[in-house]
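Both complexes below contain chain A, partnered by chain B and then by chain C.
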Partner chain A sequence: MVKHSSVTPYYYHVQTEFERFWSARHVQTRRILFIFGLGFDPRCVPAFRLAARVLSNAERLNTVCLRFKNPLDDNLAENTEGTHDSLKDIDQISWGLNAAKYHHDHLEVNLFDSKGTYDGHKKLVSDFTAEFGNTLRDYTDVVIDISAFPRSLMYALLTRVQEQLTPMQNLFAVLSEVPVPVDIREQGYSDPHYIIPPGSRGDGDGGREPMIWIPILGGSTERLHNIYTYLSPKEVFPIVPFPTQDPRTGDHIVLRSRKLFDDWHVPFSNIMYACGDVPFDIYRKIHDIVERYRSFMSTDRMVVSALSGRSLSLGVLLAAWLHNLPVCQIQPKTYKLISPSRDDLKRATARANVTLYWLSGEIYQ
Partner chain B sequence: MNLEVAKSLFSKLGLRGALLDEALEELEFMARYKYDHYEMYAPAGRFLEHLYRWLTQFDTPADREAALHFVRNDIIFISQREMQDLARFLYYEQIVPRILDKILEDSHLPPFAYGEAFKKFSHYLRRCLFVGLSDGAKIDFFRRHNIDVSQEQVLPYYRTSAKDYIKALREESGDESDKFWAVFLIDDFTGSGYTLLRQDVDPDTDQVRLSGSLERAYEEHKNIVDGASSLFLCEYVATHSAISRVRSLAQNARHYASKFDVLCPLVLPDEIGITPSAVGHDSTKSAIVALCEKYYDDTFETYNTRKGGGIQFGYGRHGLPLVLYSNTPNNSLYILWFSTRPDAQPQFTPLFARIDRHKAL
Partner chain C sequence: MEKYISKAEQALTFVGAGLVTVDIIQEVSSEWRPLEKPAVYSSGGTVCNILCHLAHAGWNAQVVGAVGEDELGKVVRADLQHFGVDCSALLAGASTPTRRILHKIVSDGTQIGKHKFELSCPKCGRSFLPVSPPPFRAIAPLVKAIFDKGSVLIVDRANELTAELVDRVAGAGGTVIFEPGYLPTRSTELVWKILKRVNVLKYSAELVWNRQPFSKILHQSSVSHINVVIETRGQHGVQITRGNRRKRLVAQPLVTVRDGAGAGDAFMAGFLLGLGADRLHELRGVTDFELEAAVGRGQARGGLACAFLGSKGLLYNHTHEQIETAVSDFSRTLAVPKGFGSDILRGTPCVDAVDPQSCPVCRLK
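So, the complex of A and B:
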C-alpha cells in the first residue's frame, strides 16, 4: 500500500466549465491562441462558438482550425459532407468576430501518407511548428479543443505545445460533451506505434523492450489486442473507468476485455480504477504505479495507452509528460457515426457541456 | 463452483441452451472478478451456488430467464476495491477543492488562484475534523491512504468524544481558541436518507422534530459543529433522491442550515430504480417488476418494514438493483436480499443475503 508521502503534481487542479472559468478571468489582458480540429463530428463546434463569445474581448484572439484529411476513409463521402457542414458553422462564427483583434488560420493535415502508412501525428507536429512554432511565445494562454481530435494527433500536438511554452504560459485542453450517448464505429487500424517513443523525453536509452503496460480500458477490443501483441508486455496494469455516470460502465468494459484476464492471465488484483470524467484522477493512478516501480525500473519501460474516452486519454498524457513514459497508440482508418443521426447530434450540441482542463502554467508554479 | 460444474447443474433449469452457456460464461467471469467476494458468502456457497438456488425457486423457465437477464444487465455491484477508491476520490476531488475554495474566500483571492491558496492548505486541512458516521465509512482506509490527514483529526465513530482531538489541535498550534472550521461526516451509502435525517412527530407534544444519525452526530459534537463554518455529509454512494431529500431537510435544522452540503463521488441516478411506476414500456424491467410481485408474500414484512412502506420494491420503494460488497441495502429489490426463516411458509432464498442492522421488533 502506497501512502502519499508528499504533495504530488495535480494534487490540486482546475477542471471546470469553460464559460465559468473565463468569466472569472480578465480576458482583456490575455493573448489567446485557440486551436481546434475540424471533422464530421459536430462536437467540434460548441467550444469554438463559446470561445467566440467569451474570449472576444481578449487583447488578442487567434484561432487555428486543423482539418484532418483521410483518403483511406471507407466512409469518405458521408464524413466529408459532415465536415463541410461543420465548416459552414465555423465560418459563420468567425465572421462575427472583431477583425482588429482577431485572426483565423487553417491548416490541413493528411493522416496517412501516399503508401497508406499512418504518420499524421508527425505531419501535424512538423506543419504546426513550421506555421506557428515561432509565435507560440507571444501568447499568455493556449487553448486546444480536443473534441474532434484523433487521440494520436491530440497527444502529438499537446506534447509539442507543452514543450514549447514557458512555465508561466498557460496550456488548457477543452472538451465538448453532449447529453446523449454517441456511438461512433471504428474500422481498420494502423499498425500500433509510439506517439511518445521510449527515451524521447527523459532517461533511458529507448532500446529495450517494454516491461509494464498500463492501458486505460474501453473502446474497441481489437485495439487492445493489437497493442498487446505489439508490445508483449511482461506485466499489465489495466485501468478501468470508475466511478462513471453509468455505474455499470466499468463492469461492461472489464467483461469486454475478458481475454486480458483469461488468456493473458492478468490478475484482477492488477486492475486500478480511475474516474471516467477526471483526467487528473487517471494521472494519479498512473503516478502510483510509476512510483512503486521507479526504484527498480526505468520509466521508459513502462508504456501507457489510452483505449478509452478523450477525457481519460488526457490523463494518460499528463502521466506521460510528468514521468517520461512512452505512449503507444493505434489509429483507426475509418470512423462512422452510428447513432444518433448527425442531425440529432448537431441539435444535441446546443446543450453541450464544454469543460476546461488546466494542464500547465501559472497555477502549478 | 467452476464453469463445467455450473453448466451441468444449470442445465436442469429449463433455460435455452445458447442463452445459458453465454450467461454462465459471463457470470462465472463476473463471479471471479467481483461477486464471489461478497462478504456474506463462504466457500462452497459463493455466487454461482447462490445463483442456482435463487433461480430454482422461480416456477417457470420464463421467470428464470427474466431473473437471469436482471442479474446480467441490471445489477450494480460495488466491490471493496471500488469502495476504497471512492474514499480516495472523495478526498482528492471533492474535499481538497472545498478546502481550497474556503482559503480563496477567507484570503480574498480571485477564483481559481489555487496555486496561491495552496500555500495555506496544510493549515486549513489540519483544522478539518473527519468523523465516521457508520461502520461502513472505511474511515481507516480513508486515514491510511491520505497521509496528509493527521490521526488526531479522524474520529472513527461519531458516538466517541472529540475532546482529545481539540486538545491536541490547540496544543499543536499553541492557540487556546483554535477550532475545526469544517466537519466531514463520512458514510458509505444512503438510499433514501431516512436513517440520516427524518421528520418525526413527538408523541407527547405532537410537534414535528428532526431525528436520525445527523441529529445524533450534532448532539454528540454540538460545540464543534456550532464553531465550524462548514459541515459536509460525505457519502461514497448515494441515490440522487436521497441527496436532495437530506439537503432539503437539513435546511430545517437551525444548527446545519447555513453550513450544510453533501459530497458524493458516486451518485446513482433515480432512473436505475425498478418499480411499477418507473419501468414504462421497458419489457425486461416490467418482467422484473412481475417477478417481485409474483413471489412476494405479505409475511415477508415486519412492523419496521411496513412502517417504511414495505420491502417489495426495496425500502422506500427505490427499487434499487444495488449490492455493496459488505451488504445489500434494504432499498434494493427484496428478491436480491430477502431470506425467510427456515420454518416460514412460503420460503424465499436471496441471491445476496443481507445482514439487517435494523433488527426487527
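So, the complex of A and C:
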C-alpha cells in the first residue's frame, strides 16, 4: 500500500548537489543511513567519499556497502579485479570514519541461485529487511547511492525502504556522473521478472494481462524483445531519451529498435521523447500516458520498464510509486566496461558530479 | 612435492586443545539407516580437524589432550600423525575409553549430503561417554615451548585446561583463537576468562549459551578487544566483525554437497592459511581487504570439503598443492572445479584385529 501523500512529486523533488544540500541541513542533528552498491564500476566511490566528509558530523552515521556476487558473469575475473580495487578505496575511506557514532556494514548478496535462476532482488530485500528492517525507523534520513546498482536491485531496495519509512523520514537517491561517456556492454539475460508486481502497491487484483507497456529505451534491443515476449502487451509506448549529452543518442536508439517496432505494429505517434538527464521529465511523460488511459483501465495493467540509464530509471520508479504501476525488468548476467578504460574512468570520478534526488519524506508534507 | 614453508611459518606453532575424539563415520540411507558398508574411523573434533589441515599444509601443529589406551585411541593418534600433527602432548589414559562420536552421512536416497552426529553406537547401543581433559600440571612439561609469542593456540572448549592454556599463551604474547562448538552452562566464569583474552573468536550463529543465542550475549558484552569475530551462518555465509565494522559475506551455492561436516573446520584452516603467519601476529594491522581475502580462501576450502565424505575427506584425497590450486580456482570461478570430489569414504584403518568381545562398530568391550 502507498502510505504517502499522493501529491505529484514533479514540483517537489529536489535535484541538487550533495554537498550544498547537506551543508544547509544541520547534519549534526541527523541520524543517517547511507547505503551504496559496490561493483567494478569506480563510480561507486565518489558519493561515499563525499558522504564520509560531509556527513561525518552526523548525530549518527551508519554506512552500508551492498555487494552483488555473480558466478555466471563471463567477465568475472576482470570485474572481480575492478571490484577489489573499488573495495580498497571503500575500506580506506571507511577506516577514516572511526567515531563512536559511526558504524559500517558490508552485505553481500548472491544474484543467482545454484541452478542459475535470478533472484537477486528478492534476496537483497529479504537480507536487508532482516538486517535493518527493525532499525530503519531510528534514522531521520536514508540515502541510497545508486551509481553502481543494477536496476532491478536498485528498484527493489528503494521500493522496500520507501514502503517502510514513515512520512517524515526522508529518502534520497544519489547518483555520481562523470564528464566522459561510459560504455558498458551487457550480455546474457535472466528471465524477465516483476520488481513491483501488478497489484502489489495499489488497486487491482494483479491477475490480469498487461495492456500497456511503457519501456524507456536504451542499451540492447535483446532486453526489449525479451520483456515484450514475456508481457505480450496490447500496446507499446516507447520513450526515447532526448535531448541527451550526445544529440544523436536518440536517433541511434530509434534506429536500433525500429525493426521491433515494425514487428509489434507500434505506430510512430506512440513514440515519445523525454529529456535524458532529468528523471522528472520521464516521470511527467509516464504520468501523461497513465492519465490518458486511467479512465478505462486500472493502472496495474500499465507496465513500465527502465532500459535506460540510472537517472532516467529514477523517474520511472517515481511514476510507478505514485501511480501504482507494475515494473518489469531483466537482469544482465555479464557486464563489460568497453570505454573508457577502468583507469581513465577512475580518474574521471575525481571530477564526478554527485546529485541528490529527494524521493520521499518531509518535503511532501 | 616438497612444501615451501616461509621462515615466518616455520617460527609459528599451532597448538590445539579441546575436544579430541574418534569419529565413527557411517554411511546411511535417507531414513538414517546404516548402509551395507563398514564404518570408517578418523580423528575428530574441531581442533583436531583444523590442526590436520594446517599440518597437511606443512605448518607446525601440536595437539593437547587425552585419549584412551584402547584401539580407537591408537587410530586417533595414527590419523593425526598421518597428517603431521605432533601428538607428544596427547596423553593416553587407561581409565577411560577414547571419546567417540558417531558421524552419519546420508549417501543414498533423496537426502544425500545431510549429516548428523550421535553419541551412541548404532550396533550395540552403548552410549559414548565424555572424557575429562587432563589437568594442566600433567601436560605442562610437554607444552612449555608454546608459551611464547610465536604460538597460536586454538581451543574449542572452555574447561580448566583450556582456560589455563589461554592464560599462559596470551600472557606470553601469543595469539589465541577460540572456536566453541559448545559452551558449559556451569562454570561460566571459565568462558568469560577465555573470552577476555581471545584474539579471534569464531562461532556458529546457532550456538546457544544459557538458553540465549551466543551472538546476543556477545552483542551485549564488552568484547571490543577481540580483533576478529567470525560468525558462521551455514548456507547463508559468514559475518566478520571488527569493532564498529561488520561484513557479511555470502556462501557460494554449491551444486553438489556430499557431506557438510567439517566444512567449518576447513573454513577456519583456510582462513588461517590465507591470512598467513605474519598477519596472524599483527591482527590489528590487517586491512579489511586482507581479511576478506583470507575469509574467501576459508570459504573456498570449506566449499571444497563438502565435495567429500567425512570431515577430512578433502585431506585424504589431495595434496596441499592440489587443494590450494582448487581453492584458487574456486575463488576465481565461484564454483567447485569440475571433477573435484569423491564418493569414497576414507579414514584411518584399525590395525588391531576385531576383538570378539568388542562391538564391531564402536569397538567398546
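As a working rule, the second predicted complex is superposed on the first by the 353 of 365 C-alpha atoms of A that agree within 3 Å, B and C clash if a C-alpha of one lies under 4 Å from a C-alpha of the other, contacts with A are read in each partner's own complex, and residues count from 1 in each chain.
What we mean here is this: a residue touches a chain if its C-beta (ideal position, glycine included) is under 8 Å from a C-beta of that chain, and two chains touch if they have at least 3 such contacts.
Nothing here was measured: the structure is a model prediction, and the numbers come from that model.
Undergrad: In the superposition on chain A, see if there is space for chain B and chain C together, and answer fit or clash.
TA: Superposition result for chain B and chain C: fit.
Undergrad: Mind working out whether A:Val278 is in touch with chain B, chain C, both or neither, as first, second, both or neither?
TA: After superposition on chain A, A:Val278 lies in contact with chain B alone.
Undergrad: On the A-aligned overlay, A:Val142 touches which partner chain: chain B = first, chain C = second, or both, or neither?
TA: neither
Undergrad: Could you look at A:His84 and tell me whether it touches chain B, chain C, both or neither (first, second, both, neither)?
TA: second
Undergrad: Go through the superposed model and pick first if A:Ala58 touches only chain B, second if only chain C, both, or neither.
TA: neither
Undergrad: Once chain A of both complexes is superposed, is A:Val303 in touch with chain B (first), chain C (second), both, or neither?
TA: Touch partners of A:Val303: none, neither chain B nor chain C.
Undergrad: Which partner does A:Val125 reach: the first (chain B), the second (chain C), both, or neither?
TA: In the superposition, A:Val125 contacts neither chain B nor chain C.
Undergrad: Output check: A:Leu76 vs chain B and chain C. Expected answer is one of first, second, both, neither. What do you get?
TA: It touches chain C, and chain B stays clear.
Undergrad: Check whether chain B or chain C contacts more residues of chain A in the superposed model.
TA: B
Undergrad: Does chain B (first) or chain C (second) touch A:Leu33, or do both, or does neither?
TA: After superposition on chain A, A:Leu33 lies in contact with neither partner.
Undergrad: Just how close are chain B and chain C at their nearest CA atoms in the overlay, in Å?
TA: Closest C-alpha pair between chain B and chain C: 33 Å.
Undergrad: What part of chain A is shared between its chain B contacts and its chain C contacts?
TA: None.
Undergrad: What does chain A use to touch chain C in their complex?
TA: Where chain A meets chain C, its residues are 69, 71, 76-77, 80, 84, 87-88, 91, 94-95, 98, 100, 102-110, 113-114, 127, 131.
Undergrad: Under the touch definition given earlier, write down the residues of chain C that touch chain A in their complex.
TA: For chain C paired with chain A, touching residues are 237, 243-250, 252-255, 287-289, 292, 332-335.
Undergrad: Taking the touch rule as given, give the residues of chain A at its contact with chain B in the complex, in rising order.
TA: Against chain B, the touching part of chain A is residues 1, 3-5, 7, 11-14, 16, 21, 24-25, 242-243, 245, 247-248, 250-251, 254-255, 258, 261-262, 268, 271, 273, 275, 278, 280-281, 284, 358, 362-365.
Undergrad: For a test of understanding, state which residues of chain B touch chain A in their complex under the given definition.
TA: Those residues of chain B that touch chain A are 26, 29-30, 32-34, 76-78, 81-82, 85-86, 89, 92-93, 96-97, 100, 110-115, 118, 121, 144-148, 265-266, 268-269, 272.
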